[in-house]
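In structure tokens below, several structures.
Each of the next two complexes has subunit A plus one more chain, namely subunit B in the first and subunit C in the second.
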Partner chain A sequence: MTTMSDFAIETRGLTRLHGRKRAIDALDLALPRGGIHAIIGANGAGKTTLFRILLGFLSPDSGEAFVLGRPSATLNSEDRRRIGFVNEEHSMPGWVTVAAVLAMQRRLYADRWDARAFDTVIASFDLSPAQRIGQLSRGERAGFNLALALGQAPELLILDEPTLGLDVVARRRVLDALIDGADSEHRTVIYCSHQIEEVERLADTLVVLERGTLRNVSAPDDFCARISQWIADVPFKGPDAIPGLLQHRKIDGVHHYTMLDADTGFADFLRDHGAKTIQTMPVPLDRAVDAYLTRNHAGPAA
Partner chain B sequence: MFELYKAECRRFRWWALGIGAVHAGLLLFFDRVVDPLQQPAMVYQLVAGIYAVAGVLLGLFQAASYARINQWIALLHRPVSPRRVFVAIAGGSATMLVAAVLVPIGLLLVCHGLTGNRFVDMRHWLLGLSGVLIALIGLMGGIYAALSPRRYGWLVLLPALLPTMSMAVGWAALAVQAVVLALLALLVASVFKPDLASPPRSAVALAGTALAAAMGAYLLLTVAGDMAFQTLWIATGTHPLNSRPPRGGVVEAIRADGAALIEAGLAASQDREARLWREQVRLSETFEVSPTIKWLPVRGELTNVAPMEFDDERRGTRWTFSHDDMRFHGVRQADSTVAGTLDVAGRFEAPPLPIGGNRLIAGGSLLVFDVDDGRIHRRVRLPAGETIVAESSTAGDAITVMSDRALHLYDARVLDDGDAKYPALATVPLPAPVGSLMRLDLVELLDGYLLSFTYARDAVSGPGSAWQQIVKVDGDGRSRTVARRALTPDFPLAARFAPYWISPALKTARDVIENAGGGAVPMDAREAVTVPLPIWIATGLLALLSAAGTALLARRRRLGMRTGGAWTLATLILGPPMLIAFWLIRPTRTL
Partner chain C sequence: MSRTAPVAIAIATGDPRPIVRQIIDAIRRQISTGELSVGDKLPSVRGLAQQLGINPNTVSKSYAQLAAEGWLESRSGLGLFVAVRRDQLSTAERERRLGEAVDRFVSEVIAIRYPADEAVAAVAGALDALALAKRA
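The block that comes next holds the complex of A and B.
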């Protein structure tokens, strides 16, 4: 039985502990059907754990998770037919031949197999049908795996850092195919990547996870709009406590502040602390993400 | 999923071919130097162990290659039910395993008949099938061990070892193995699901897992607990088996010299002749009648209690018994030509067991192979329904023939001329089931015999009662009990009855499993065990405490009334092992 829902995925108070660490912490997230939703976060933010719970391969310690309207723990084989998944390792049995994997995939998804999407991606790779998966390079395995996932024409495609190891051409073809699928087939793509330029090109929605908690759900442009760069000539070391500060650098005696949700009031704040000149400018997505994630990232501050 | 099945077959095909070739080479080599079909049971148990280990290793290797979560997602996240994936995956490895085990065995059985004019019974073909089933049991065990949660998976597998103690023979043994295989396959199917860390989702699978885990915990508590207890006891230097045993105890009676034991037994006698007998015992030779044979051959059994063959050295012929036609088949050892068949007048009533000295026992008959005429003669035939359960031994001028019901004394010449000419000198009914008999000592008196029956089987560290009974046999063959004394248990009550108070229900289940498919074995008959009242009280208290513990844990885990109640009730019935199972499985609210 298929349950209709407006959301491709939905979580309510989802929590998952890894030992004492909260990998997912009371996560309330709902992503609508259609479009490409990018999930970003530092290593250990809970992205992969979230995907595993969504697919029913991990149980939450509390809360609920739904995929295409169905509770994750009860996904059946027909639900799985509608959901494609590619993990970052591109795990496939190394002893099976390319031809056998392809034959199996075509037969399993015979009712919806999209040969064009498969061929578009696989064209970048010179694979022999008799080759074993174990004999493929990481890039070839990634390309083959992505081509298979696109070939099965899923309603929902979940990709966990899929393009690692792909060359420039193959990556472009994969991204084109993703955009094409999302546009022409109304596919929902949930995409996790550390490649911000890919996210910038693909994403309709940007989800930021930090230490298992949800920090942002918005269009990438809206996220960028929240983060701004301020350059101020403030004497000495400048103010000590700055609300909304993400990053601070002092270059040639001039203070560079990367701020979250800073408005004109911040200019007044700087002037109050003796700023002689103040400049503000927008930041590109990669720097916005970098600044946002640096705030609580483990390790020394930048 | 045929592609997946084929892929798994291809994955293991070279391994199967290589191991199958080595297996076939070894079997054919042994066929040239010994008779692989006439080995004692221990040899087959060793080979079965090798097949099981091979299956376990294959299962562990195969399942472990999928058990990492990304591989597991790649395997199961597809529009096919996990059960079908399991069938394809396990079917592929099972096919290769069966090929590597069965083809060489089949080759051996075919070649065995072609070389040296030897024969192959139906039971030997079934033995090959048994080897396959044992290998497959190992395979399922290996897969389960790799996929099940480490907290309790190993415990669930322990009961699969119980059928190694099974009394089943022939087709029944195959049935027991098939049932174990089917149950293990169901257990594997229950863990073949996306979330490997969580317990089975269906109530039936969860109940099966919990029962198996409880039985595993029970076996661990009884076996490992007993070992730990005895080790500590030995360390203190007061263990009765590891130091001077207490006076009047079971261990002292088992270890005593025959004459001293009979004297000790007579000390309790009120008979006016007791003093005279004690003096005669001191002066006479004491004979210890051979203890019972543990197993007797059963027609159609897969293995052999002992090699079912003997040699006629004068004619250079080896006679091997066939269960199919119940005859001995002879092969001349010089040129491997056929030397005909050997039977006994009136046919063998059971497969005959050679016991040395050209003697054989079969059912209620003692048979002798006469080297002079090259034939087998029935020398003793006991009354209908009696089964000889021990080797005959000499006691002065007499020989003893012990059955499951009585000890018969014959003139030793019965071995040459038969019981028609030399009927029994005396027949002494056994005071208790023969399976409880630990030792039997005999002294020849001036006017008969004194027999000392020591019943102490399962009474040293087990719950059996132990006593010594002295029986006087008159010169005319009549017998009467002249003394009886109870032997004091050397182990504490709690240790002797541990299998009962830990869980009487699981004790019963264990006995049922071990005896499943087994026929009536005379030597297995035991005196009924009486469980003392303090043990019953302790059992009840433990069950109540365990149930309370389960209820408390269930409440903490918010399992709900129905689920928590089911677990609590199960713990009340099965005792502490079920509490351990519950604690390890950590069930969620799914029942």
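The block that comes next holds the complex of A and C.
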């Protein structure tokens, strides 16, 4: 087999319009094979659109997309067997039984079916074979879908909000199942989530999308290290324009700045503006992400 | 065949320290306090990852750094073990860390308004007790 791209997924200049809005905007993204890659972004950042294009369900307006080295637009059934996908809606026909879906999946993937992976996840859900899909709760469908995808032993597993709607027990089982394959060379997991705590625990790579453009690709720790919190007693309302400012709050007359890529130069800057005491500290990942994604909403508090 | 020593540590997401750092700090503390002793076998990478519910690559990174710093040693085919400590830190680094420890101590002492001579005597006493315990 020839590969045109060595990456698990790759996009080159990918653009997709939804009406006049650019859902994906000239996106160049390449994620290596192996490991767990998390994509985060505010609602409408383009995560789901990206997945749909990668899987060939949606055509881009311009640019290219590759999955496991194959062009997304021309994936054949053999390529698709190597890719597991669990969508956010967990859509399956409501009238079909659990047993029938499972039998079909096992038949489709008879040559690579991983019963242990399927059983591990499904064990935390109380499903009976005779139940119809329409009778399952959202969480049960999520678990069943994920178990089916893991049973398929895919080289690439794409998950859209895999733990949304799951209770704590089911969530833990799902995460365990993902961790279990994470150190394998032959499994790449790409998922999007709003659960930063999960991302911190699981992800090798943190991808930040914003309005269809790429903002960050790095280890979560490296992203976190770029963001810092500063507390200073700058007199009055403080400086007007602060390069690198993500968030600013004034609490009890003291200014709290969340900064991107600030170094000791920022301390000098604050001192120049009359700060007598300046303290700095790291921030946890969830606050770093929050500050980064909301930075354009941040107006200096009065 | 040595059994794996349990490593009771907790990861706090929302801690400003990366998880890699939290594991390193926790294991160093356990070695320093004697909860883990020289020759104890650590959990496998996969085992600790499952225990903590985190990516195995994160555990690998922590173990690699602990090994590089001399806290752990790898015995081929057997796993990772708590190593015999030797002084590996540079003089400058030891001075820097001592300075940090002194700063923390001094700020506590000032905060509780303790007389300086009594604080110094208390530290000397604690260090003497430690030296005696080691010799015993």
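One rule holds in what follows: the second predicted complex is superposed on the first by the 288 of 302 C-alpha atoms of A that agree within 3 Å, B and C clash if a C-alpha of one lies under 4 Å from a C-alpha of the other, contacts with A are read in each partner's own complex, and residues count from 1 in each chain.
As a convention for this text, a residue touches a chain if its C-beta (ideal position, glycine included) is under 8 Å from a C-beta of that chain, and two chains touch if they have at least 3 such contacts.
Predicted model, so just to flag it, every value in this text is computed and none were measured.
In the superposed model, A:Glu200 makes contact with subunit C only, not with subunit B.
In the superposition on chain A, A:Tyr109 makes contact with subunit B only, while subunit C stays out of contact range. Shared-chain residue A:Leu175: touches subunit C; no touch with subunit B. Applying the stated contact rule after C-alpha superposition, one finds that A:Glu89 touches subunit B and leaves subunit C untouched.
Once the two complexes are laid over each other on the shared chain, residue contacts for A:Gly56 go to subunit B alone; subunit C is not touched. Look at A:Ala73: by the touch rule set out above, it reaches subunit B but stays clear of subunit C. When the two complexes are overlaid on their common chain A, residue A:Asp221 makes contact with subunit C while staying clear of subunit B. Once chain A of one complex is fitted onto chain A of the other, the partner contacts of A:Arg81 are limited to subunit B, with no touch recorded for subunit C. Within the complex formed with subunit A, the residues of subunit C that make contact are 11, 13-20, 45-46, 49-50, 52-57, 60. On subunit A, the positions that touch subunit C within their shared complex are 35-36, 172, 175-176, 179-180, 182-183, 196-197, 200-204, 220-221, 224, 281-286.
By the touch rule above, subunit B contacts subunit A in their complex via residues 3-4, 6-7, 10-11, 65, 68-81, 194-198, 588.
Of all the residues in subunit A, the ones that touch subunit B in their complex are 52, 55-59, 73, 75-78, 80-81, 83, 85, 87-89, 91-93, 95-96, 100, 103-104, 107-109.
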